[in-house]
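The block underneath contains the structure these notes are about, expressed in structure tokens.
Labels run A, B, C and D following the written order; every chain starts at residue 1.
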Amino acid sequence: MQELTKKVVEFTRERDWDQFHSPENLAKSISIEAGELLECFQWNNEYSIDEVKEELADVINYCLLMADKLEIDPKQIVLEKMEKTAKKYPVEKSKGKSTKYNKL
Amino acid sequence: MQELTKKVVEFTRERDWDQFHSPENLAKSISIEAGELLECFQWNNEYSIDEVKEELADVINYCLLMADKLEIDPKQIVLEKMEKTAKKYPVEKSKGKSTKYNKL
Amino acid sequence: MQELTKKVVEFTRERDWDQFHSPENLAKSISIEAGELLECFQWNNEYSIDEVKEELADVINYCLLMADKLEIDPKQIVLEKMEKTAKKYPVEKSKGKSTKYNKL
Amino acid sequence: MQELTKKVVEFTRERDWDQFHSPENLAKSISIEAGELLECFQWNNEYSIDEVKEELADVINYCLLMADKLEIDPKQIVLEKMEKTAKKYPVEKSKGKSTKYNKL
């Protein structure tokens, strides 16, 4: 992940795009690209895997840029969140259910 | 990234949540979490870094689950997309500009 | 609003698109179009008013279709929500502040 | 719609919230609320109609505020967009199909 982050940051620096990448603009960009990913599934399940790959790549790309900008380790935050989620959703209570924790 | 994916997949399996994780539902989830991340920046720039970390972690978590579900290598798709983007935005044409490629 | 709803529903019926307009698909569509609207403001504030008009129109269009599909009166739900919000954000407590109600 | 807009604008003025409602912030807010609406349909189709009403109301509310802020007539832009869409999707070509216009 570090190696990949390095590459997307380098790509951005070469183009002098860092100036546009405020945390806020990156948050907007993640939402915009997430919408494009969702569009692959708008009306039915006959999605194009190639389109999905491109849009998912865009979301991940902006996530890595945001993590880099805020000096966050993406791996660490995912592991930390998993610990928190594990407390909200203990296996015995949540197994096989899509119910939200506050209604479990 | 592979190691991290393994962990989020394992977390999901333990809870028997795989049944809810159709590609479409994961695309919805990425959009929903992207909206929560954006909420950290809704009215001004005084964001809470702790909230940002949690919401960004949620987005990345669902991206990894979707990649796993579709047997996509996240690193590879980001690199492939970067190549495509490099052609749309050559350094000399796009340097220092936020203009969309079709208006460059 | 009723008259406008009638027109967008008629437009849809003529094309036999009603079959695609499950509440879930309309919710996805609202999110997708909201992302396109947000794209007008992605990097800076130099938005094109014509693009904003088109994207905002798309969001409103799907909102009206969803209200029609669920037999909801859009005006009534906005008024009801305003009443609820007024209790969470009484004028004296919230005036001039963008703070969320749970932190007021 | 004009009458409703008047009420949501009045609600905002009473709280002196107009200062936060730049077009950009309203675009973010529409996306955020669209995400919350989508959350009602995240894992299955057993949505709560009361939650849907509240979230749809939030989306419409911000749409009306944005239209007011930009001095746009919501009805007019929806009608104008319908005309444009009618050209992209003539009845005879698009009837009963969810195909995007560029693939029709």
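By definition in this document, a residue touches a chain if its C-beta (ideal position, glycine included) is under 8 Å from a C-beta of that chain, and two chains touch if they have at least 3 such contacts.
All of these numbers come straight from a predicted model, not from anything done at the bench.
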Equivalent of A-C within the choices B-D, A-D or B-C, defined by over half of its residue contact pairs recurring: B-D
Intercentroid distance (Cα basis), chain D paired with chain B, Å: 25
For chain A paired with chain B, centre-to-centre distance based on mean C-alpha positions, whole Å: 2
Contacts with 2+ other chains: residues of chain C: 20, 28, 31, 34-35, 38, 41-44, 98
Topology of the chain contact graph, where touching chains are joined (line, ring, star, complete, other): complete
In the complex with chain B, residue positions of chain A that touch it: 1, 4, 7-8, 11, 14-17, 19-20, 22-24, 27-28, 30-31, 34-35, 37-38, 40-41, 45, 47, 49, 52-54, 56-61, 63-64, 66-67, 70, 72, 74-75, 77-82, 84-86, 89, 91, 94-96, 98
For the chain A and chain D complex, residues of the former touching the latter: 28, 31, 35, 42-44, 98
Chain C residues within the chain A interface of the complex: 20, 25, 28-29, 31-32, 34-36, 38-39, 41-44
